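Each of the next two complexes has chain A plus one other chain: chain B in the first, chain C in the second.
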Partner chain A sequence: MSAPLDVSIGAPGIAVPAVAAPSRLRRRLRRYGPAWVGGGIVIAWVLVALLAPWISPYHPDAVDVSIRLRPPSLAHWMGTDTLGRDVFSRLLHGARLSLAAGFTVVILGAAIGTTIGIVAAWTRGFGDEALMRLTDLVLCFPPIILALAIAAALGIGPLNTILAMLVVWWPKFARLARALALVQRSQEYVEAATVLGLRPRRILARHILPNTLGPLAVLVTLDLGNAILTFAGLSFLGLGVIPPMPEWGSMVAEGRELVEQWWVAAFPGLAILTVVVGFNFCGDGLRDWLDPRSRSR
Partner chain B sequence: MDGSLTTPPTTTLDPPVLEVEDLRTVFLTDAGVVRAVDGVSFRVGAGETLGIVGESGSGKSVTALSLLRLLDEQARIVGGTIRFKGQDVLAMRPAELRAWRGDQAAMVFQDPMTGLNPVLRILRQVTEHIVSHGRMPPAEARQRGVGLLRRMGVAAPERAAASYPHQFSGGMRQRVMLAIGVANDPALLIADEPTTALDVTIQAQILDLLRGLNEEFGTAIVLVSHDLGVIASVCRRVVVMYAGEAVEEAATAEVLADPRHPYAWALVNAVPRLDAPIGARLTSIEGMPPDPLHLPQGCRFEPRCPFKIARCATEHPPMLEVAPGRRARCWVTADGRSLPRPAVPATPAAPAARDAAPPLLEARDLVKHFVLPRRSLFAPAEKVHAVNGVDIALGRGESLGVVGESGCGKSTLARLLTRLHEPTAGSVLFEGRDITHASPAALRPLRPRLQMVFQDPYASLNPRMTVGEILVEPILAHGRAASRQAARERVGELLTTVGLKPGFASRYPHEFSGGQRQRVSIARALALDPAAVVADEPVSALDVNVQAQVLNLMQDLQQRLGLSYLFIAHDLAVVRAFCDRVAVMYLGRIVEEGPAAEIFAAPLHPYTVALTSAIPEPGRQRVVLGGEPPSTLRLPEGCAFRARCPVARAACAEPPPLREVAPGRRAACHFPGDFAPHPTPVRSASLADHQRR
Partner chain C sequence: MARYIGKRLLLAALMAVLASCVIFLIANLVPGDPVLAQLGDVAASDPAIVARWRAKWGLDLPLWERYGIFLTGLLHGDLGISIATHRPVLDDIRQYAPATIELATIAFLLSLVIGIPLGIAAAVRRDGWIDSAARALSLLGVSAPTFWLAFMMLAIFYGGLGWAPGPGRIDPIAFPPEGPTGLFLIDSIWSGDWEGFQDSLAHLVLPSIVLAAATIGLITRTTRAAMLDSLQQDYVRVSRAKGLHEWAIILRHALPNALVPVVTLGGLAYANLLAGAVMTETVFAWPGLGRYTFTSAAALDFPAIVGITLVVSITFLLVNLAVDLSYALLDPRVRR
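And then the complex of A and B:
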């Protein structure tokens, strides 16, 4: 459509179209709307986790067999479980462990993986080969099965489960970081740093690492939901936590055989769902925002 | 370019092929309305050739796209008219537009690498338009397609027709693009920087082709380029654009000889020419084009203009007829006067006679091969033969130019000399010390004395560091400042040295223009007081005026700081303006070496002859070299240039050594000087030649 548009304002002899660009707000909303929703969900869950002791109506471990398996009511918004514990309170407290485990695994995994990847990209040759074959070895196994085996060997408990997950978590970051660092390595400003006689450690920390952080941040965000899901999965299988401790995966496991009492498994399941979706939306938004090609449109 | 062809007797009766009146195109951006094209008018008669020249951001490409209404969504044509043979292009409906584009008006784009569809065979892409516009049935169109490819100089067109684009080089793809462009005998062909991505010898081939198309088929051509030389070799008339406006329109020869707008004047005089005195300073104007969101109220060139008068700041000049048939947008020349010639630069002091002192940086029989990853487990490993035995020596206080086309190994040579790469064989000596296989730790103390400036001003500065941080880093790393405060003061000095404000230290690279970034790059190289600077195409990514500024700066610095430069370039005129000595590379070897003045006056190697004559400069006798450089995967036997050499003989099956032919001049040819060009006409003669046309 390039028929001459209405021209009005502007200095004499200089035409400026009266119409503005197609509503900027609408474009931004279409592009980043889900990211804002995702961000809202994530922030809400973080707040819940922080404030759980103050906002939950009951103690999460308060057993009262007389009210076991009650459906949702005004007193117990999400009903009670087999021991008469309040599902809502347990859910709020469960957010603490799930989020903490997710953040710990992903952030430590990213730190370890990125270091290994960047060092591999810088050294090349034998060191690179050795590190990359090691990552291949770990990536060969389905992650949840390998984590399951390691966690089982280490013993039940949240710390051991996080440790087991870390073992399977770093390789994908190592792969991505190596690929990104290889690109940066051939950039002229890295060559310039070499010609200036800077030490490798400084080149890695000051020139290569900061320029690989964007895509890594996207993977971290997208991966948080994934890590929470995996942790819940391991707990569901009985590895994550020692029983009385509230945790979403183990809560779902408790409700697994209770077909009539749907609320015992459904609410923790929903909690996992929302948190994973929230992080995924955030990650997608972050990726769009960091990608200059998609941003210019 | 013959008068009878460019002005057919019917022009007065027929409407012109293209008539543009007061064209205005804007971009709707988040920051506001950018007036990219702001009142451009011109006309192109049948069979005429018009050039549009300007620096990046001047609106020349947007003008070209506007002509065919190929603009993106956020760009709008908000005023003016475009008439094609009397038809209003702006009023065409989408269906009419589609039928017109590619049929009567066609366009060739800059990037031959992305202009073709990678999954379609070449012939299919050539015939597509012929068939879809209903010109011919498919079978006939295929015959015509092969014919067109042959006409465009595609080797073995029958075989090429069945190939895919990735099997073609850049030059060959541009020929295919041209074949597609003229497939339907359009009355108008618009070419947007068609040779910018190509090497000089290939560029000369493509420009010849464009001229031929115009002469043979009478196709009117609108050629958009940043290079006046390219325009002058094809176009009779030229429109000079600045900040979205046409500032001068006249016959190309007249603009070259006597520009009437100060910007055109700057453009003409900023280009290093092969016939200027050696070592002369280039004329450059300071400043940058105005911010398109806040254009000055008066003349848009006023802030940078060396000739401005009081009226220029307040009144915006219209296009005025300054002489018969030529118009300019300038108050100074409005009364028909010419602009003064640039002051003749003082001939620089003769370079200090080099004594027998040992060279600063020296390469002996240097070889670098890159091993490619195997295609399959059992495939033999292939090697890129980037550098194949180079001997070169850079003396103290000297500037040595290394020229060659892309892929000749000149950038690899730069990286071998600075030991970014480790040589496969041969040796590198710096200040008499062998650094061929020195470890990074052993090199570190030497690094400050041997620095490098890179080609791409956008990639050579870390985007996450401020300019201050970039410059402080090497100073602190080598303990060259007692304190952070002292280092910061040194940064201020460095920025002043390269003509930037000390206050710029707190800014990030993306806040600067290309020329300013290149100055920062130079400041970084100077931070450690180097003795030698290896510059890898430091000005090839810059507009001509900025290029002139940077070259002048580098020359000043050399005199003030006593630097030695190894200057890598593909542009011979730049090398000639800048260097004392020149080495010409072809396929990883030096084919000729000697003093700059002598090499350009009387080249000895046939490749040097072709290279110097391929430069699109008006009035130059050209030797258009056929073919393309051979693959570096398998080196040819004997003389590497044999296949393209116009004087190759049986003896050339024997590889020629690089030997001294005359005092101080070496050439790798069995018959040096046998292939002599006609003597380069002097400048005045070339102009007379133009006016005759």
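And then the complex of A and C:
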């Protein structure tokens, strides 16, 4: 696709039926309302994760087989599972690992990928070629399959699963960072810095990196939801956590045969859904704020 | 054009060889040991049994020798023997592939049939209620965990309402339709088995909706963005000035140009559907490649893991190649 030419004159909105001009408040609400909602959801879940031990009505691992598979009630808001554990308490505790895993994978993946991408853009030539072919190589595997194979080989557990995800996570950041850095590299202020005799490392860290942070921040925010989904998926397949540790994906797995006792699997999945929606709202809002042109998308 | 294709093919072949090397190293260098997973505690505590078992599967040879054997086999179209099923990996893949291809294809068609019209409508009536609904739908589609969506669909439409059949490709007491392809829809038509066709189709409904959920959102958003872009181009303004009917402008002039990015994305999405079927197949007890991947990963069945990752990544490469080539056909500027 060719980008629309900026020289096009006249109002581009002929295709759009005339809408009564919305008030300023409504316009701002339409634009940033979802971002505020998303931010609220994310902050709420972070608080839940931090405060889980104090706000849960029961211990997450407290087994009581005399009350197994009870439907939601006043005593157990989200019912109980096959071992009589309180689903609500386990769900609150599950937020800890899900959020921690998501943040770890995305932040480390972004750090590794950005470093590789910026270094590749700066060195050009052989180093660039080698690093980018390595990126292509990882990208030519379907991520979930590769992560599944590595996680299974490393063994069950949160750390191994995070490690496996990191292996497949960095390339997209490397690609984006390289593209952004290549644009910055040809800017005049970089030339000026080079002429002034600054060392490459300083130019990279102090001049190029800050200018690429905006789009990277958008990708990081949008990607957090993605990472939480993938981690939950690997846990669902039995890799992420060692039972009885409460984790959303494995909680859905425990209830997946229980079609009659839907509450065991339904609520943890709903928790994943809300957290991912929250991060997606935040990411979209951040992108609109940083790049006004993207609003039309 | 021929040079472009040749260059791309060469690059793809090189990537496939490198990929085989990487996946072999990953599968063989990691600390996980298939001995325990396969033999069980009692047998694994007897060193003689373990040594014999390792020799049988060639696990006592040095790494480079094992890679040599693997490569030689690969060139003969042999992916080795699965440790868990004791069958050639290629036979296993051949057996499970049709179920996944059928599911992914139906899901892909579903996401095109829903996503493209929805994207067009959202772009034409921008900021209208269709646009908002499309936005909400695509957000939910990409945010909902596939495995949870699969469970909810089963719980509601099979357990609760009884509208849909249970897990599996066909009714448990029915015989699979006979035919050459292994795709039940085509096989049942081929053998004139009308009941089998209905049964297979009914079993496809829920899993294909679940598998398509994320792709529908992706296709809708891409179509919408591309349509908004092309509706602002000069040729659209010219068509309007000529007095063409609005729908003729949208469908004949704006849409074909907007479809270029959709084709690119669609190809990648199809490859991702093939790979992403792991969760859907697990919940719906779908006997496809996704479930095979998962069971072999859980059993540390290295030959199977290497084989399937290789097959899937080569498929990935080929789809990418096809997408790039179709891109070059649709947009002459890319060929240079």
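The criterion applied here is as follows: the second predicted complex is superposed on the first by the 268 of 297 C-alpha atoms of A that agree within 3 Å, B and C clash if a C-alpha of one lies under 4 Å from a C-alpha of the other, contacts with A are read in each partner's own complex, and residues count from 1 in each chain.
The rule we apply is simple: a residue touches a chain if its C-beta (ideal position, glycine included) is under 8 Å from a C-beta of that chain, and two chains touch if they have at least 3 such contacts.
Keep in mind that this is a model prediction, so the values were computed, not measured.
Shared-chain residue A:Val276: touches chain C; no touch with chain B. Contact with chain B, but none with chain C, is seen for A:Thr194 once the two complexes are overlaid on the shared chain. Between chain B and chain C, it is C that contacts the larger number of residues in chain A. Note: residues 4-5, 14-17 of chain A belong to the chain B contact set and to the chain C contact set alike, using the contact criterion stated above.
Within the complex, the chain B residues that touch chain A are 24, 26, 28-30, 33, 35, 38-39, 69, 71, 74, 76-79, 90-91, 297, 316, 415, 418, 420, 440, 443-448, 450-452, 454-456, 459-465, 473-474, 477-478, 521, 524, 527-528.
Chain contact summary for the complex, chain A toward chain B: residues 2-5, 7, 11, 13-17, 20-21, 24, 187-189, 191-200, 202, 206-207, 210-211. Those residues of chain A that touch chain C in the complex are listed here as 1, 4-5, 8, 10, 12, 14-17, 19, 30, 136-137, 140-142, 144-146, 148-155, 225, 229, 232-233, 236-238, 249, 252-253, 255-256, 259-260, 262, 265-266, 268-270, 272-273, 276-277, 280, 296-297. Those residues of chain C lying in contact with chain A across their complex are 15, 18-19, 22-23, 26-27, 30-32, 124-128, 139-140, 142-149, 151-152, 154-155, 158-159, 221, 224-226, 228-229, 231-234, 236-237, 240, 257, 260-261, 271-272, 274-276, 278-279, 282-283, 293-294, 297-298, 300, 305, 308-309, 312-313, 316-317, 320.
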